[in-house]
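Two complexes are shown next, each including chain A; its partner changes from chain B in the first to chain C in the second.
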Partner chain A sequence: MAYVATRGGERAIEQSERFYRGDLGIITRERVDAMREGLPYLIDRLMGEASLYEPDLAALALAQAGGDLYEAVLLLRAYRTTQPRLAVAEPVTQPDLFTVRRISAAFKDIPGGQILGPTLDYSHRLLQVGVLNGQNYEPPAVEPAKEPAPATQPSLAAWQKAQGLIPDHPAQTVPPEDIPDVTREPLLFPTSRAHKLQSLARADTGGTLALGYSTMRGYGSVHPTVNELRLAEAPVRMRHPRGTIFSAGRVRISQTEVISKARELELGFAATFGWNEVKVIAAATLDLASNQPNPHPASNEEFVLYHTEPVEGSGFCIHFKLPHYVTFQSSLDALRRVKTDQQEAAIAKAKPETEMQPEEDEVLL
Partner chain B sequence: MTDLKDSEPLIGSYSHGETLSIMAASRPARIKACAEALLDGLGDVDVLVNRTGLAMLPMVDTVRDTAFHLGEVLLAEAHIRVPERNVEGYGAVIGRDLEHAMAIAVIDAAIAAEHSGELVLEFLDSEKAHQEEGDRERLRKVEATRVQMETF
Partner chain C sequence: MKINELTKPWSAFNYGFLDESAKREIRRRTLKAVAIPGYQVPYASRDVPIARGWGTGGLQVTLTLLKPDSVVKVIDQGADDSVNASSIRKFLAKVGGATETSDTTEATIIQSRHRIPEEKLREDQILVLQVPNPEPLRPVQPDMSIAREMHGDADYGQLWLILYEQLVRSGRIMQGSSYPSMVNGRHVMTPSPIPRWDVPKLNQADHLTILSAGREKRIFAVPPHTSVEPLVFDDVPYRVEDHQDKTCYRSGVEGFFMNELPQDDGSSLYELSDSHFGIKSIRKAEGEPVTLGETWYKNGRME
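And now, the complex of A and B:
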């Protein structure tokens, strides 16, 4: 065991932190509010990956991290450890969701109909450069329908199960307190479905996309189509000491099923905190791919779940910039020893040849 | 504290669960003002709990009906006792607003003590109408985005 001491380090470390924070400037309540209100999809992504829903804290984490998403996820996960767990809320089911967007790319006539909700799916993406010249960009307002949409939408999967299009698996009744939880138990393989879906819910969006995209492109046997995509608000139902169940408020969630035909129609599923369509589509594809016999790493749930954990992945990556002098010195010593050994072996091998030389010379003479 | 069946009206036409849900979704300034007004005649309050903490939120997947954890939601909760009236009150709301949670607990205790029922009912009616109007306006926007898909 060896240690590295950095002489004069305390002052330098303090100055480097000041340098970092000084560049970000003064963090004010106004800045945090502006981030929360102006960057809702980034806040959503952050809360999903941190697995902690609190938009104000997520905005604060972003402000403190200067927008470094992994740093912000770390801050939120660290904050979470300071809070007691009060309860496990009542499980959310699809009919509970206050739905603002719900589409299917596989079936055009779905029970409840197709509702685009807030999206840029069918819009041009253009920078409003006039804003930089002082012209505010004020988008035109929605022209609301006369009557409201239903607050909840029927389940497409339930309809498909009733039609016999997809298998209807028997419901597993588990008390909320007994649902497996990766924050309290290690992730072991083969993993339970509850652990897999929870891990995907808190997975890194970029990592999930990279692996999900690889299966979509043909490295897996899954060729997904979105069976149903929802953006919604889910009630957080708590239990009063008298036993009454009530809603303590709603949180934004995304949920997707993807469908693929191998031998039969099969569905993959994913959901996460916040509105993050890319993540849930990619994650649902990985859920479906992990059930397929395929040697590609993106079809291997151990590979997928271990390599899409944002804090562990980013932490392991950046730890390589911390002092590794002793480890590296040890490698260097080994390398030098090997070189020396090789040189000595070469000399030793060359010696008998030299000794043989006179004999050859004699023959030549 | 006696157990209540949630379907039974507790105050006006509202069940216990409905009152708590309306209060959690109510405007913070309004509910705090209502609780302040109720505190005057309610009696001394013992605070048992007023803290933030986490609630794990499970979800049931639609493919295999497996319940799994989506993640944790930060909540503020308050639990109080009013010894003079032998009642307790409890409130929880998503976020970090401890005063909001305390205001719910105070009104919950006031309802249990049948204290200032008219004031509470007026508050609940007003907030429920506000919340329904907000949802209705949002859902009118949602309905405006309904599409009929055609294949050719």
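And now, the complex of A and C:
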């Protein structure tokens, strides 16, 4: 049928996918391993946005998407959705975290100490161009401290609460199965604390930064100070049906508390899978700014949570490539009518003596 | 008792891709949507293996409705072989064992983006419309929480006002597709970006229509035999696109919604937007034994 032949979309889509995949070449276990080993911060960012902690799968998604982050997040989210939720881990508090980096900008020193851990914060950002000429870049080895820092540290906010500096919000006791889960329930507003923190945890890093930065820069009444920032490994503890609590491993997490210097001290909080400092600082700032009495969109939780969702945002953005010719045709029809009306009106005005043309039949429905 | 007696044999994914708890949730939300015609019911909206904005809402509803004996038709802008439609249809066949069809009259489930087929749907058929933006109040109130309250109060004054403003400024109502419509005399809904031509097909229809927005996480429905009235002023009648006298250059059929194809000489050709209806019409004209279903529009008019 000629009608079908001129369209012939199905073959074209198949070939265009082959084109893309052909450019990426053969995906091997070695390539996936190299990505996991060589790009840990990218893997972390991906696992956070996908809300799925599995470095091998994240590296595979990255390899399969050729490094297109949004595509990789979608792959992981689509995989995640097929997995059953078997259990809910025990809650972790700050003193439970095996902390490798913990700093506070609010005090010179804090109980437990400032622990720099791994960071590029104070490094000179110089490209090691020699590598391209065959000279390997081998960073100098770390010299261990005389006394290793303790594996766990107390919570700074606990000290501030004991001092009466910040209000203490008692923890709610909710059975694990009843903890709201934003991947299984709609996000409604005003949102629950759980949904808000979960949404921020899986938010797009870039989007979170853009909106968080806007509140830091002055579109908002928040002047944050980093109260405590941690990079840590969190123990994943499960409850056996017989009641025993056992460890099922550890996950890398980052978390930030920011504190306001406004009339009263208030905390903003964010945590996510993986080590991603920019995201948790920006997200904690957005949490602090959230629903402050000011008109800027970055202070509005609905605006923030809807527009930092990476899979929804990127999907909608690229959907504009889909054909829209029916909707366009519909608008075109309305515009043409207005033009026709104007032309007819102009003619009628020019020849007032001419009898008006009978209006064309309206389609009454 | 052994652990493998308690578990199901391994498979890459559940029947119909979504797990049973996701399907149950969508079924419950859909039932609520049917019970309150035009009301937007929030749902969790799971991630599916296509990008958001590409029919994830429609897909989740279709996956939930799917049975091994389902016959599915998927269209995009009226066409069955449009790239995204064929990709979704293949996915449905792969994960649900559904039979694929292009023929409206054969389908039990029709998932569509931006069109309702020209052949009349029956009471044993379900139409699933993909919805980019479920909120008809978005142009006047982008905040969803406030818009929800406005629906609760049936506060549609601002919507009437923008239609009136269009009338004053342009002399016509400029709304192209997604024409806001009152459902069952209570909730204003967007019929999704279908052309104005298609909106009357929802009114007092024999079939069930489920509208689902995956990215925005809302399901709403028009049950059979429910009134769907486009918002119009008493003295300014509703007007569908001026396609009643256009002729399809391929099939010679007249009086249906058309695609306009610009030509090098500055003129335009027209072809039927409902692609398979066009194919059937051509086949019938060539003498093949093809049955055309009853159409909503007859001679470019709807009674």
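We adopt the following convention: the second predicted complex is superposed on the first by the 344 of 365 C-alpha atoms of A that agree within 3 Å, B and C clash if a C-alpha of one lies under 4 Å from a C-alpha of the other, contacts with A are read in each partner's own complex, and residues count from 1 in each chain.
In this text, contacts are C-beta pairs under 8 Å (C-beta built on N, C-alpha and C of every residue); 3 or more make two chains touch, one makes a residue touch a chain.
Being a predicted model, the structure only gives us computed values, none of them experimental.
By the touch criterion stated above, A:243 is placed in contact with chain B alone, chain C being left untouched. Between chain B and chain C, B contacts the larger number of chain A residues.
Of the two partner chains placed by the overlay, chain B and chain C both lie in contact with A:80.
By the touch criterion defined above, A:163 reaches neither chain B nor chain C. Of the two partner chains placed by superposition, only chain B is touched by A:56; chain C is not. Touching of chain A by both chain B and chain C, each in its own complex, is seen for residues 80, 84, 183.
Against chain B, in their complex, chain A makes its touches with residues 47-48, 50-54, 56-57, 80, 83-94, 98-101, 108-109, 113-119, 142-151, 155, 157-158, 166, 169-172, 174, 176, 179-183, 193-198, 201-202, 228, 234, 236, 238, 240-251, 253, 255, 257, 267-269, 271-273.
Across the interface of their complex, chain A is touched by residues 1-4, 6, 15-18, 20-21, 24-25, 51-75, 77, 79, 88, 90, 92-96, 108, 135-151 of chain B.
On chain A, the positions that touch chain C within their shared complex are 1-4, 7-10, 12-13, 74-75, 77-78, 80-82, 84, 183-190, 300, 302, 311-312, 314-319, 322-327, 329-338, 341-342, 362-365. The touching residues of chain C, counted against chain A in their complex, run 12-14, 17-19, 21-22, 25, 42-49, 51-54, 56, 76-79, 81-84, 86-87, 113-115, 132, 143-145, 170-178, 193-197, 200, 215, 217, 237-244, 250-251, 257-260, 273, 275, 278-279, 282-283, 300-302.
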